[in-house]
Amino acid sequence: MNKVFTDALSALHDLQDGTTLMLGGFGLCGIPEHCISALVQKGVRNLTCISNNAGVDDFGLGLLLQNHQIRKMIASYVGENAEFERQLLSGELEVELIPQGTLATRCLAAGYGMPAIYTPAGYGTEVAEGKETRVFGDKTYLLETAFEADYALVKAWKGDRLGNLVFRATSRNFNPLMAMAGKITIAEVEELVEPGDLDPDHIHVPGIYVHRIFVGTNYEKRIEQRTVRARS
Amino acid sequence: MLDKNGIARTIARELRDGYYVNLGIGIPTLVANFIPEGMDVQLQSENGLLGMGPFPWEGEEDPDLINAGKQTITTLPGSVFFDSAMSFGMIRAGKVDLTVLGAMEVSQNGDIANWKIPGKMVKGMGGAMDLVASARHIVVAMQHVNKAGESKLLPACTLPLTGLACVQKVVTELGVFGFDPQGFVLLERAPGVGVEHIKSHTLGFLTAHGSEPEITWP
Amino acid sequence: MNKVFTDALSALHDLQDGTTLMLGGFGLCGIPEHCISALVQKGVRNLTCISNNAGVDDFGLGLLLQNHQIRKMIASYVGENAEFERQLLSGELEVELIPQGTLATRCLAAGYGMPAIYTPAGYGTEVAEGKETRVFGDKTYLLETAFEADYALVKAWKGDRLGNLVFRATSRNFNPLMAMAGKITIAEVEELVEPGDLDPDHIHVPGIYVHRIFVGTNYEKRIEQRTVRARS
Amino acid sequence: MLDKNGIARTIARELRDGYYVNLGIGIPTLVANFIPEGMDVQLQSENGLLGMGPFPWEGEEDPDLINAGKQTITTLPGSVFFDSAMSFGMIRAGKVDLTVLGAMEVSQNGDIANWKIPGKMVKGMGGAMDLVASARHIVVAMQHVNKAGESKLLPACTLPLTGLACVQKVVTELGVFGFDPQGFVLLERAPGVGVEHIKSHTLGFLTAHGSEPEITWP
């Protein structure tokens, strides 16, 4: 069993045009920077991307947008991204906006083999249009199906060659869920350690969910909103 | 008339010791500045943090540590990180005691619209639909009227909804509003604001007797 | 906010006859020993217990059975327990056997605010009798509802006074799930630490789910099947 | 005729490098003893462990560390602990490559019965129903006949079912059996066992030509 690849390009070697991808991260926090670069380099097109956000103009998924590689985005918040807006208005880009908790739970459902889940989020709104509703107790829920994604591209802090992953702080976000949801899950990590180096009580994603792993170097980790307390 | 801090301070009176609270972007964030001394309130950030601390000292920003507004923040002793499924799991399960968020419109039956303006670029609902569908106690912090001077407290929302009949309280620069089966109920007036002024700026059905007290803070 | 109680009896002070309880543990591993002792001492009766197993004759839930305090057991495997068998055959005890994964996922559903989940486990068997089925893809699933439990009694390794919990090895099992599912969750821990002592990246159950916590002493941690390699 | 170890050794031929495997109690557990040297196979124990190691040395038993059979065990480098929801989540999601379990009866369409005998004390299905409903590849290890000498490979199960049409292979002391639309298919004979002997001990429809090879091990 060798899950270790030398770099992003080799780990993504079989990723084709028209693929459905999940990409971890919240804003620019915890995004798989190296996988995104490799996608740009490969030039694969007509991608469907499931990601909470769509990056900014010159970083994250914005790089794929600039390159016209994305056909459809499934996201909860697409934020400040001028190129995104342009492509959306021109009809080049299809966008499906869904509640953030629904996005997360549809990933969880895939990773846990549950074909669908019920959530109250969006009931009575346009999100519910065309969706099945059902009352449990005194509340109405929407039926939401598990995501199906060919690949999940995630970023972890540490991983071992069995694919066990550990995340750091709020860069965890959607990463473990997508790691569990992908048909082929590719994890980029800041540090690759030996099996046994990670505490078995504290692994966030067991290696059974992870198919390929590689070490990313020189992470940019761009900050979207630098808010600080001034030192007095 | 309340300023933004006055609105936040008014909402902070809803806090109770031991509460878990989710604060939206904008005025709601300011509520954190008015947590009473000695009261233990834990802030939940839906990107995966319980126990959110203040902004970091300059130079100590950690790109791996942000809040749902994508701002760099810090942790506190006892903070916990978790993934987005657990984050919305605890929200959906009603474990968050109080949610404060902004709105574009609130209707007299408690509907809220805060995510989309037809014809304008839509950025998405983020976690707002999950929060309003699930939180046990939802308070809206907003300006009473929009930039065109039109009431944001309406008989029915005109904008696409975020959630149905979910708002329990609205705090604006003019006062504090609850709900009864008829519609909005004026609970408290902002200092110096008369009931006629409030009525004339409220399009939704409003019960207001003029005897409502002025807002005071502890 | 003070969640810390001095002992099991004070933490369980308001637990009444007829209550529905969840109890963590797999076999005798990770069971809330001190909560069970307190239930025996309090003598509360007509309990409905949701627990993967039912203990052995003289330990774990077996102690409550001996005392005729349990009216109904919801479990996946009731194992070797003569008193259990006697009460079941005599009609004193009602038993609902459900698949282990269904048990776990119905807890998860409660903790995550999902009113029901779909699982293929038990389809086509007597477990499916009277249950709604639904086809997703090429597979048939049963609709299973989230558990509702007045109290969840769980055992963790470490906890802090905010209720954050960490588990050890396979004593984790159902404990985190039940901790998340209880209307009132009471955690007994081997060690109570200060907030900040637990690594925020590695807390299994955030304190928001835990209402009461106390330190248990002198854990017996009985081993059901002592299997060893003989030293040569 | 195969003994228990022979059955386990035969099933071990199904293992592939990188497989995640769940082994039930009894004969299936013995399969772990026949993992080929140098092959990386991870054992999943549904109570919350991936990467199960051997029994502990005497005196090193840890009551917090058991397998699904409640036996004291050990971990290996790279082992992971998780809760029961994740454990059955990975099972349900088809991440476990191979499941080996015992059975009381298997029918010619792949149904399995292994948890309940009417009139006897029922202990429960544990995780068996989840495993057979979800695992990608299910192999049954069992004796060919019960204590009364009756075939356990049947046209239809007589005992309450554990799962429907889920078994892909059955290994008994007499041979290895697959399935086709008609029923059981003899794939290999146990050393020294003739096809007539197998046929006469199999009540379910069995395709067997006599030309099936004897089981060999690598």
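The letters A, B, C and D name the chains in turn, as written, and every chain counts its residues from 1.
Basically, a contact is a pair of C-beta atoms (placed from the backbone, for glycine too) under 8 Å apart; a residue touches a chain by one contact, two chains touch by 3 or more.
Remember, it's a predicted structure, so these values are computed and weren't measured experimentally.
Identification of common neighbours of chain A and chain C yields B, D.
Set against the C-alpha centre of chain A, every other chain centre is closer than that of D.
We define each chain's centre as the mean of its Cα atoms; on that basis chain A and chain B are separated by 29 Å.
Between the CA-based centres of chain B and chain D the separation comes to 56 Å, rounded to the whole angstrom. Computed centre separation for the pair chain A/chain D is 36 angstrom, with centres defined by C-alpha atoms. The set of chain D residues touching two or more other chains comprises 75, 81-82, 85, 88-89, 91-92, 134. Shared contact sites, meaning residues of chain C that touch two or more other chains, fall at 105, 112-114, 119, 167-169, 172, 200-201. Screening every pair of chains for touch gives A-B, A-C, A-D, B-C, C-D. In the complex of the two chains, the chain A residues touching chain C come out as 105, 112-119, 136-137, 139, 141, 145, 166-169, 172, 199-202. Against chain D, the residues of chain A that register as touching in their complex are 1, 110-114, 160, 162, 164, 180, 194-196, 198, 200-201, 203, 206-209.
Residues of chain B touching chain C in their complex: 17-18, 20, 40, 42, 44, 50-51, 75-82, 85-86, 88-96, 134. Chain D contributes residues 45-49, 54-73, 75, 81-85, 87-89, 91-92, 111, 121-130, 133-134, 160-164 to its touches with chain C in the complex. Against chain D, in their complex, chain C makes its touches with residues 26-30, 52, 75-79, 85, 88-89, 97, 99-105, 107-108, 119-127, 157, 167-177, 204, 221-231.
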